[in-house]
Every structure is written in C-alpha cells, then in structure tokens.
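In what comes next, subunit A is part of two complexes: it sits with subunit B in the first one and with subunit C in the second one.
== the complex of A and B ==
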C-alpha cells in the first residue's frame, strides 16, 4: 500500500473503492449526508461517511455526493431524484452496517439488476465465428459438420493428394 | 433523445463583483474529485450562475439547481429549483421543527426560560424576515466593485468589497 499515511489508509486503495456494494439507482442525482461531529446518535453516520462515502462516490461517479455538518440535531441522508422528489432516510442511532443495509434496500440497484447489467455490458462477438480467440476453435467441433481430419481421415475420393496423384 | 437534466445541491454566494447579471444567483457546488495518485476524494468547488427570476435565493442558502436544456445566456446554464435550507432558518426535515445547529429552537427557548430569558436576546418568533434591512442599512445585495489600490490612508472606499 503506497503512501500509508493518515488514519485508515486502506480506504485509499483501488480494491477497497471497487468493493463498494452501494450502486445507487439511476434516478438518484444528489446523495447528501447530514451529521454532526459530536453526539452518540451521529456515530453511525460519522462511521458511514468515514468508511463508505468514498466507495459510494467511486461506484456512482455521476452522482453528487455531499456532506453537511452541524446543521441539525439528528443525522439523516437525503437523496434528490431526477423527478424532483427527495428520499429522506433517518439514520439517528443507527450503526454503519444498518445504514448500509437500509440504503441497499431503499435506493440502490438490486443484485439481480446489477448482474443483468453486467451481462449486458459484456462485449458479445458473433457466436457463429470460429478460430483463434473465438468460442470454438474449428467448425469440426459442431455436430453435423465434417469431423476433424486429425481424428478421422477423409475418404480417399475426397482427398486431393490421392485424387490428383500421377502414380 | 434529450439528455437528462443534472441536478446539483449548492450554496448561494453573494453577488458577482463586476458585471451585473440580472435574475441570477451565483451558486457554489461542491463535488468530490478523485486524486488518482493517492486514490482519495477531495472536495472541488465550481461556481455556476442559476436563473432565479423571483430572487428567492439569499447568500448562504443551500439550493437545488438543475441544468437547463438550453443555455439562457452565455453565463446562465442552470436554474434554481428550490431553496432547500435557507440560511439561519433551517427546518429539520425529520421532525419538521426549526433548528439552530444541533439544538431544536424550542429546546433553546425552554433552556433560556429556565435560566431567565434575556430581553435583548434574539426572538425567533417575532423576528422579521431576512432582508428587512435591505435598502435601509444593508446594501450588500447591491452591485459593487473590487477595492481599488489604496494609496493613502484617506482613501476609505466604504462601498468596495475585497473579494
């Protein structure tokens, strides 16, 4: 880990950032967290911001992730959607894990949707192609085609060296 | 296919010292920018002009702005959707009560009653709206200019701004 400076430098590794599980829905445009520096009821929100906020921003680069401190007595998360509505999530006295699991249920893409999107994003070449770099090495692998001549030699009347030989 | 309007949450800044831009407020947006060398996010501020015909925004308010489908003027690309948290007069969205930093106003009032209410203290209930001294004693909303070079002590320039 290069530059192991500061508190918990693990947060500054690419593997850590990529391990974020909160992939916000496309509707979410702004993700704002309100919390205070002091207060036991804000501890969960503080932990969430310390550990998870970089992951959230990394997973959702198009969302504006913003924090507000010392504004209200109780912590909350407010997400502004593109329809004009906002989703208000009360995180008073909740732990970091509770906040994360709640967010995953409420405003994140489900695991099934993420899997579907991953499949759709994969580059799909023409499945009918065969050869180097393709799914099938040779057309002889397909049932119904002429079998591999290394395994099963062609009949003599089809072999050019025997048809056209001058012997 | 029209591109989606981008919504951003920002803080209103005071007027722009220089050319007067009518019906617009300056909004500072704070976004996180990834520093590739240490893989850390740092806040980066950008300033936009947001179309605000009713002049609902005052400096310090937290507002929600949205990008316009077409630029209004070469400078104005966004419009103010709503003032989310007016400066100094924040309503806690969870309870709906008025707050001041980390206390509810009703708690502040209760404590001050217990200690003995200060007659000169700020009265939230009966205080006038923000901006009541504009054009009377508060001229910060008016157009001004950046302070010229001060060559001697007599050159006061009381209406200049330093930023």
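== the complex of A and C ==
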C-alpha cells in the first residue's frame, strides 16, 4: 500500500507504531477484540481497533491479534494465555483511552519490568561489545586497536616475556 | 636456559599446582575451566585450519568403545532415575512454587482488578440498558398515540366524505329513475359546437347572435 494513501496513514509510520505502550505479558498468546460496526457502546472498541491495534501488533509480534466483527451484542476483549485460560475484558461503552489504560494495568508488562528488559536488551546490543554473539569477533577488527598476536606478533618492547626477561 | 624453555617450565609448574589444588578426590565442587560451547562453531580465525585425524590402534579403539558403551549405559540409567525423582518432586512442589513466585501473585492481582472492572462495566450497562428500554417504551407509546390520533382524524374525514355522498345520493341515477334521466337527457340538447369572442360571448352553430351561456 502506498505510504500516504488510505484513512489515517499516520498509523503506518514507525514513529507512531513505536509509541505504543501496550507490551503484553509473555503468557498472552492471542489477543482478540469483539465489536460491531454500529452502536454507540461499540465506539470505544472501534476507535481502539482503528488507532491502537496496529501498535499492539507492532509491540507484540509474537502474539496473534484478531478481531471479530458483528458477532456480539456488547464489545469485549479476550486474551488467551499459554496455560489455556483466557482473560475476558468487558469494554462496553468505554472510550479508547479508558480501554488502553485498563489493558496497560491488567494484561501488560509493568513499567519496571519493561525498564529491566530494556536494560538487559541494551547490554546485549551494546555495539562496543566484541566476541561471540556480537557484531565483532575480536577487538582487533576496530581500526586503531592492537592487532591479534596470532596474526601479527606484538613488537618485542611490548611483550612481557621479553621486557622482563633477566637474560 | 632459553626464554622459551623457561616459559614451558613455568607453565608445567602452574598446571601441576592447579591439579593438586583441584584434585577430584579432595574437592567435590571441582572448578572446570570455561570452554566455548560447540554451538558457536569454528572461530573465524581457525576457519581454514584442518585438524589431523587421530591415529588410534585397533585394540585400543575396541577398549575405548567398550568403556564408552558402559559409560553411556550407566549414565542413561542415572539420568532416568533423576528424571523420575524430579517428576516426583515436581508433583509435590508445583503448587507451592506457583504460589511463591511474585509474577503469579502479580498476575492474580491484575485478574482481580479486571474482575472488579468487569463488574463495574456490567452494572453501568444494566443502568444504560434500563434507560434505553424506558426511552424505547416511551417512544413506542408516543408513536401509538400518534397513530391513534391519525387514525381517528382519518376516520372523521371518511365520515364527512360519506355524509356528503349520502346527501348527493338523492341525485344519483338508479334503475328506478334511469328512464326519466334518459328522457331528460334527450330533452336537453347540448351543443358544444360554439365559438367565443374576447368578451366571453358564445356563438352557437351558424348563428351570429351572441349568447351569454354555452348551452
């Protein structure tokens, strides 16, 4: 789809998608929204689907996000967990913002946990690291660093066994 | 003593000390040197190195295989025993572990909040539906009243129409007075062949004398 075509194309921008706050708990496997196209009490659910569902899917790529339309008298959100249980959230006559804040409280990771995960991720992804699982196998790959002694032996004045030898 | 030889001696000394300190009989918690996991694959620096195949005598190979099979069998039985033991323990402690972890407790708290939210929403919905129902009932009643009014109005109009027609029915042509009506019609000749001038005078037939009516 062309970038600036369709209704509210801002929904497809990376900045918009990254601004989502709903990072679901690890145990949530399926996130389903049931709502209708008509009805005042479905307006919040409709808005949520229109504005926030792309963010939810972007933030949780491992979760299946589905919508069911015209199959319910009142709108609700159902989350299926990995244990086989499900969490039912009634969103009848609630606004998009109310739904979002409640989901954040109930089914999403807390801010502290997210901060911890971010720190762990940051540590893993630090570009200055080298070795296995990193971008660089060895620090000698960086220009200006001392080359690997296996490839290019150090000059004698920098080698301890020669510097400190008695004979 | 050359430098190289000196280095080798020191290395051997250190290795001996290490063995002594961490002898298996002396220390059950043996310190094992960290090794690269095999899953990492070949290091980029050793990528094109071809290792020599080990040359093992046939009888020694046989012995190694025998020992290896024995070892495997023993390890398999120990592993199976541990698995059974673990299963038994897990069955006992699963519930306790689940309750003890903070995450589960946190999730239960979230579910509690959700339960309250659902109850609140359900109560609000009940109120809303009751109000909507009352509104709908009012509308239906008003519509019924309106319909009734319209109907009575229409009935009055029809009544009026019937009365008028009843009055007019005295002039109707029926089977009884049809002959008389025919007679009258034949007696009253009407000629529509006339002309009209600017003043509204009629001229019948070929007559040039104006009259004021068309009959």
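Definition applied: the second predicted complex is superposed on the first by the 121 of 167 C-alpha atoms of A that agree within 3 Å, B and C clash if a C-alpha of one lies under 4 Å from a C-alpha of the other, contacts with A are read in each partner's own complex, and residues count from 1 in each chain.
Everything that follows uses one rule, which is that a residue touches a chain if its C-beta (ideal position, glycine included) is under 8 Å from a C-beta of that chain, and two chains touch if they have at least 3 such contacts.
Bear in mind that the values here come from a model prediction, so they are computed numbers and not experimental data.
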Regarding the shared-chain residue A:30, is it in contact with subunit B (first), subunit C (second), both, or neither?
-> first
After lining up the shared chain so the two structures overlap, which partner does A:65 touch, if you call subunit B first and subunit C second: first, second, both or neither?
-> first
Go through the superposed model and pick first if A:165 touches only subunit B, second if only subunit C, both, or neither.
-> second
Considering only the touch criterion stated at the top, classify A:74 as touching first (subunit B), second (subunit C), both, or neither.
-> both
Considering only the touch criterion stated at the top, classify A:90 as touching first (subunit B), second (subunit C), both, or neither.
-> both
Which partner, subunit B or subunit C, is in contact with more residues of subunit A?
-> B
Between subunit B (first) and subunit C (second), which does A:150 come into contact with in this model arrangement: first, second, both, or neither?
-> second
For subunit A, which residues belong to both interfaces, subunit B and subunit C?
-> 74, 88, 90, 92
Where on subunit A does subunit B make contact in their complex?
-> 2-3, 11-14, 17, 29-30, 32, 36, 38-39, 53-54, 57-58, 64-66, 68, 70-74, 76, 78, 80, 82, 84, 88, 90, 92
Which part of subunit C faces subunit A closely enough to touch in the complex?
-> 1, 3, 7, 36, 40, 43-45, 106-107, 110-111, 113-114, 117-118, 121-122, 124-125, 128
In the complex, subunit B residues that touch subunit A | 4-9, 29-32, 34, 37-41, 62, 64, 81, 85, 90, 92-95, 99, 101-104
In the complex, subunit A touches subunit C at residues 25, 27, 41, 74, 87-94, 102, 105-107, 110, 132, 137-138, 148, 150-151, 161-162, 165, 167
